[in-house]
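What follows is a short report on a single structure.
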Amino acid sequence: MAREPRRFNLTASRYLQAFRQPKGIFAATVIVVLTTAAFLAPAVFPGGYDQQGRDALLPMSPEHLFGTDELGRDILVRSLFGLRTDLTLVYIAAPITMAVGTLLGLIGFVSKTTGTLIQRILDVIVGFPGLVLGICVVLVLGTGFPALLISIVVIGLPTFGRLARAALLSQQQREYVTAARTLGISRSTIVVRHLLPNAVDAIIVQGAVFIVHAVFLEASLSIVGLGIQPPQPSLGALLNTGMRYITQSPTYILGPIIILLLLAFAFSLLTDALNETVNRK
Amino acid sequence: SSARDLGSSATSTPVKGGSVTFAVALDAIPGSVFQTLETNYPWFNNVFESLLTVDPKDPDHPKPLLASSWKVSEDNLSIDITLRDDVTFHTGRKMTADDVKYSFEQAAKPTSGSQLSFVPKAFQAMTVVSPTELKISFTGPQPSLFDFFNQTPIIDEKTASGLADGTRVTGTGPFMFTDWKPGASFTLKKYERYWNAKAVNLDSIQYVVTTDATALLSALRSGRAQIAMGITATDAKSFDGNNQYQVTGSGGTFYTFGMNTSVAPFNNPKVRQAVAYALDRDRINSQVLAKTGYVSDLYWGAATPGLNGDDVTHYSYDPDKAKQLIQEAGAAGATVPITFHGNPVVKAMFEIVANNLTEIGLAPQANNVDQPTFQAQQIAADLGTAWLQNNGQGGLSPATLLNSLPVLRKTNPSKFVSPEYDKRRQSMFTATSESDKKAALQKMTDYVLDQVWAAPIIQAPSPVVASSALHGLQLSPRGPVVLTEAYLSK
Amino acid sequence: MGLALGCPTHQVAEGTGASAPSSGPLVLAERTESFVLQFLTRKIPSVLFVLVVSSIVAFILPRLAPGDPAVVLAGPDPSPATVEAIRQQLGLNLPLWQQYLDWMGGLLKGDLGQSYVLHRPVGELIAGRLESTLELAALAALIMIAVGLGLGMLGGSPRSRWARSIIDVFNTTFLAVPPFLTGLLLILLLGIVIPLLPVSGEMGFFEDPGISIQFLILPATALALPQAAVVARLLQTSMLQIRSEDFVDLATAKGVSPFRITHKHVLRNSFGNAVVVIGLRIGELLAGAIVVESIFARNGLGSLAVSSVQSRDYLVIQVLIMSAVFIAVVIQLLSEIVLAALDPRIRLGA
Amino acid sequence: MTSDTRDSASVREDQPLLRVEGLQVSFPTSHGVVRAVNDISFEIGAGRILGVVGESGSGKSVTARSIMRMLRAPGQVDGGKIMLHGRDLLNETEATMRDVRGKRIAMVFQDPQAALNPMMRVGDQIAETLIVHGTRKHEARQRALELLHKVGIPDVERTIEQYPHEFSGGMRQRVVIAIALANEAELLIADEPTTALDVTIQAQILKLLVDLRKDLGVAIIMITHDMGVVAELCDEMIVMYGGRVVESGPVRTVFNNPQHPYTNALLRAVPRIDTPAGHALPAIPGSPPDPARLPGGCSFHPRCPVAVEKCRTDRPPLEVLAPSQRAACWVSASGGDVEALPMPVVRTRTTPEEPGKPILQVENVRTNVGKPRHPIWAVNGISLEVRAGETLGVVGESGCGKSTLSRTIVGINPVGEGRITVAGRDVTRMGKEDLRTVTSTIQYVFQDPYASLNPRRTIGQSLEEALSVAGVKGHAARTRSRELLERVGLNGDHLDRYPYAFSGGQRQRVGIARALAANPKMLICDEPVSALDVSIQAQIINLLEDLRDDLGLGYLFIAHDLSVVRHLSDRVAVMYLGRVVEMGTAEEVYGAPQHPYTAALLSSTPEPDVDARKRERIVLAGDMPSPANPPSGCPFRTRCPIGPLFNKDREICATTPPPLAVTSNGQIAACHFAGELAAAATV
């Protein structure tokens, strides 16, 4: 008969529960360390990321932990600055994508036709090969940070739009929604007050996934040369250039790869931890 | 021959027959026969031939090819050309003066895209005197005539429509173009009725499009390909000292730093000169081009007849002087958006250039676009404040370059216009005597160096790496790789 | 992400009031067929909408970028007149709507159009590159299905904690690491550090299967592993969830062995989900192929797409995008149909 | 068909079939160790039926699963023995247990929807039981056919090929029972096998079990929380509370003379069909204990009306307190009277003779829950009205359209045809103003107290939201929320708690408070107590009655439990397949049911009364047809015990739908042969 209810509380502290378990602690530590390192990079390396020298393509050594690139720049420094670029990008892009995507998913609950239309349009975006869409957007808007931001957001929108809609649809079946309706509460209020807070879990978890995806999207665009512009480094751009020197200096791409792996792994664990917290019985 | 011959020093005698695999980074574009395209260097002149060949070091004395002889009139206003009578197209049809006329007419059309179309456009008349004789007359002297003859292939009118989609690519050369799988591969097969068939050794050449630099390398290393083009200079360098391979270069690409002289800060010649001093060309040569490049402050090489050798190194790297010039011009701190396209070499070059400019107190910004965008902007004369440009027209004569190289044209992307420039251009075109030519060139050189609206950075050939078993390759600064006499030693 | 599963409809089988459907394999087959037809008919409007909007976006988007095929064809240092002449020649000066209608008209007649840049029929260009991508996708799909289902089943079976944590690590790692990074790691590891396999290039399967496979292994693995992790994770979750269903308890109470429970009860019920994910993932495989092809220097459709974007070969881009959208739509429909075929509860019409 | 096929060596005559001794089961969880079962002992002989009753969480299922050694993780047996024919199952290997399961002990689960593998044909699921115990394939199929037939499934050749979703709930439960019987197990453990089913279906299943026991001699452990089921079916019973047995003995003695106050309270807290309304129910205060935090001493003492000091400190042992009857109670052990429950208030209320204006009038309303082109009339022409201070009870089987009717009234489902008038206003079109009238007049109390409150909003937020619709905002809303909470018997300080912090009964009180926020004139209660434990159910019924009388509310009270409806209602409407088949005052309908369906419903309802067993029951065959595919003529004719199924000449039932009309004795029913079964149903 009656089951033990799920334990809920609306505040952010709910998500902080995720950081109580080892997974969450590890993920948080890595993310915090990487983020701090990235954003402190300008202070630690006042020379900036474009200190060129004549010692090109050096292998890993104590002076240059990750070696140097083709223009004699320290790859560790560039990786950190690159991480900074990437993190800035995704920390801006992710919330925007989550918010706009969710909003698009929500519209269907206020106006059915608009909602269906939006879902169809999201279907269109999903049908497009992500990278080709990204390339087109960047070409139209010109390269650089804003264009990259927009293409990441556009590519990410369907995920959140559909997710929000699915989460809301499942919530809509719940009796408390009917209860609110019998009280005479308007549809839009129900969406904002009842459906949304209960759909937020799924969106937050997906958000953690998306951050990593966004970083890799930047990297993919960089592979085609349309990512972050030189001399400003990004992890993707580093990999892109490093790939060309893979035979002469295999260690070139190792630095950025390690950072990317750490980042990806940490966010993956964070997703797991969040998921477990959110679904905890 | 004047062209660089590879492996010709080998003592082995030519081997008949055999097939060579040529790994290329870029696919063929047979539709663009009249354009000088780096893409087409690996195969083009094995299929198509022109009337004559010009040695850049001795531009006034071309060697005959399809034309057996020619005679320029005294007044420099016409030329009589005599053609070989044993030349056939790959269709088997005899090549005649009509074909030459047709080809030149095509080259004159705007759609041909020929960089030298200004030459045939200035033809007053082309008269077919006999199947082997053609007379061309012009309104004024034609300093670029031989360059045009050298660059323009003679094509078959009957099959010309097949060029566009590559289904019928008919030339007069030693090999026939077949089996094109766009983006993937094509094959050149020996043409048995080639007029100089006895010189031809190979049966066929397989071209494999391998866009990726590492893939090119591994194709060579694994022996799947005997020759490759499109390898980066730094990769090519890794073959140095390995006697199983021969490393060389073909063609010559100009890398230039273009500046818009109509806007600040580059409306001030001092700033332009400062930039020219600031560029660390040697470093670019060593880090970006693995020292395969040729550092020059001019578009014409040091070997150009009549050139004062010192001019080539007029602007040696001097950041202090550059900084001082910037200060004098009051341009310190000016932002300089630099447009360039995604070519990795250009990109790396940009990074050093940007670093150099920062050093002297300018604030460079990247504006990386893709190739078509760059070109569209170039055509619209809308490249912004500054840009990096590369043009593959190495080996043309200075007078030709003044018309064919966009940066030197009368209407150039730098929006540099001056009566003085016009005057000096004119004297380049009209000079006929050796001394006049020399004087005109010197004046032009001085002017170009002084005004530097587009600072040359470096000239570099495209690296060609071949197995040392491949002999008889002919390469030239003009670009094409000729395999007419090539053979594989056992 | 997921499909809206049809609600299980409860039918009353007892009682004369309800007209119970007559059964028998033949009638059943007929019914399924008509359900599929009905389902497709119902889907047509939204599919059409998606296709038409995609075609418009695919048509407009590349044209918004600066530069056009004429610029590309005009060669390196063209004059504006040259470009204009070529534009005329290609018909690019026609009004956009006319170009669009021409293209659509051609498509409806089965004519994919001609490449502006290569002057070849687009169909031919695509066919020329198809083999490479198909080989890659096919092997990747095989690896994905094998590894995904294998690990998923392992993870969803009652195993030691040990086995499960290994699977967890695999999943967590590859869920996060995209094909692109996996590819780079494989190149470093198996191409450079221990040079076992070629890291770039390709060879047609029918030219030399042995060598072809050597070239395929690394990119296919790179492409497959991240997707395999998704499949494995889903199958595992779904199996664990099914395992807690009452009917598994009933099976245990019947005296069924754990092995048989896993196979006959748990797996069978999880399979529908797995099929849907595998379907969706195959779509992702094709999308992921773009970057992997670029890393491993394969001349497939991905590199054709990128190069045609870079040469503004509008028609090629348009057709490639439309094919991708079309495949996505077909996969979506197919997985819904397969799901309905697998799960007796799901009615496509519902 | 008894034990000749079994290992006769293991059968020892002096041993009962199954004896559980001192069983202890715990669940170590992150919130602490949950001792779900604490030292329980009982036994069951061959061919006997043992009833196990107790409220939710008392450890019934855990006990059952322990016998099968099928505890869910992290459950573990901490002590005790489970002796099957004298052999301790707890010492057997897993492989041996696999032989025991399904062959010697079989189990039937509560939820027939979930207990069958949806992807496997029912025939295969039955055959599998046989195959895993060594029967060959084709024999297994043959036997599956027999079994299906035996459990009363018609047309077995066809149905054996069907999938579970093509079966109704009752039929699925029959399949589960067929599976349990497949290997002729000696012992059948049925864990609430009828809780999820309608009374009519429950009657079918119970009858099946009784017949099986008679035919096969199988022993049954019948787990239930329904005293009626125990009274009707079982020989012996044990009563569980907080993981312990508090009383055990033969059913008759325990019912007639309960030795534990909890047993007594359980028996009394249930409303009965045969007792007229007027009394408040003697509810058990408080709620069942949390097994993770069992109170010390006798775990029932906090709720016990006769508890003495010793109950708080010492745990009473389970002792023989009457012949063959054991109980664990200090009071009755010392000869005290455990039947001393606080005597309920006798309500003075009588049905208002001249009731006020109708608050709600429903006229010939039809509701389509299908597509416009393929209508499914879940409500198919219903007329009724509710007046202030009056309760209209609506009963009917699951799926007959009760909820759809109420949802139509409040505007969640659009009205297909007919007219709805609320507070004198025609609201059929449910425009903005109409809805305002409806929400300010009628409020809704939901069935599931867990689902009807937003888990992420505090109780206060939920109440204030409801108040804001009624125009009460800010500080006033806060004050009023407190008042409301206190009005429904909750602590007014609990406004800031989230729903999870409340028990089911408390939540239902919150739900009621929320419904009251807008000062409605009428409440629609859609099965408000059916998800609650018996003791809690009584509390809520009492609360609803109080509110009705104090506030003069009108109720539309929906339930499938006839006793509850009888207890609360002034008038009753009986629904079948989207229609009202009988309507009248509670006395009339329950006293002399005119419609055979009403009669069957009444007859099927098990009474917590051991003497009722002799009664001849009307057990309906089959299930209610789907509203998507209603029968012609009288909708009930496909199951009617007096209809064309049994009287071939009554063709009229198949051709002419009977109108809802006045019958010969002045009541209202929709039957061509009204009144025929009136006598049979009443006791």
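In this document, chain identifiers A, B, C and D correspond to the written order of the chains, with residue numbering beginning at 1 in each.
FYI, a residue touches a chain if its C-beta (ideal position, glycine included) is under 8 Å from a C-beta of that chain, and two chains touch if they have at least 3 such contacts.
Model, not experiment: these values are computed from the prediction.
Peer 1: Expressed in steps between touching chains, what is the minimal separation of chain B and chain D?
Peer 2: 2
Peer 1: Could you compare the number of C-beta pairs in contact for B-C with that for A-D and name the larger?
Peer 2: B-C
Peer 1: Please compute the C-alpha centroid of chain A, do the same for chain B, then give the distance between them in whole Å.
Peer 2: Each chain reduced to its C-alpha mean, chain A and chain B end up 46 Å apart.
Peer 1: From the C-alpha centre of chain C to that of chain D, how far is it in Å?
Peer 2: Here chain C and chain D have centroids separated by 49 Å.
Peer 1: Could you say which residues in chain B touch two or more other chains, in rising order?
Peer 2: 214, 369-370, 373
Peer 1: Multi-chain contacts in chain C: which residues touch at least two other chains?
Peer 2: 65-66, 199, 294, 310 - these are the residues of chain C that touch more than one other chain.
Peer 1: Please set out, as single numbers or ranges, the residues of chain D touching at least two other chains.
Peer 2: none
Peer 1: Which chains are in touch, pair by pair?
Peer 2: A-B, A-C, A-D, B-C, C-D
Peer 1: Would you mind writing out the residues of chain C in touch with chain B in their complex?
Peer 2: Touch list, chain C to chain B: 65-68, 71-86, 89, 114-115, 118-120, 125, 128-129, 198-201, 294, 296-297, 299, 303-304, 307, 310-312.
Peer 1: Give every residue of chain A touching chain C within the complex, in rising order.
Peer 2: Per the stated touch rule, the residues are 120-121, 123-124, 126-133, 135-137, 139-140, 159, 162-163, 166, 169, 212-213, 216, 219-220, 223-224, 239, 243, 246-247, 250, 253-254, 257, 260-261, 264-265, 267-269, 271-272.
Peer 1: Quick check on the complex: what are the chain C residues that touch chain D?
Peer 2: 8-19, 23, 244-247, 249-257, 260, 264-265, 268-269, 342-345
Peer 1: Help me check something: in the complex, which residues belonging to chain B touch chain A?
Peer 2: Chain B residues touching chain A: 213-214, 217, 232, 234-235, 238, 283, 286-288, 342, 344, 347-348, 350-352, 354-355, 358, 366-370, 373.
Peer 1: Given the complex with chain C, which residues does chain D contribute to the contact?
Peer 2: So the residues of chain D touching chain C come out as 68, 70, 72, 98-103, 106-107, 109, 111, 114-120, 128-129, 132-133, 153-154, 158-159, 161-163, 165-168, 170-171, 176, 179, 182, 621-626, 629-631, 635, 637-639.
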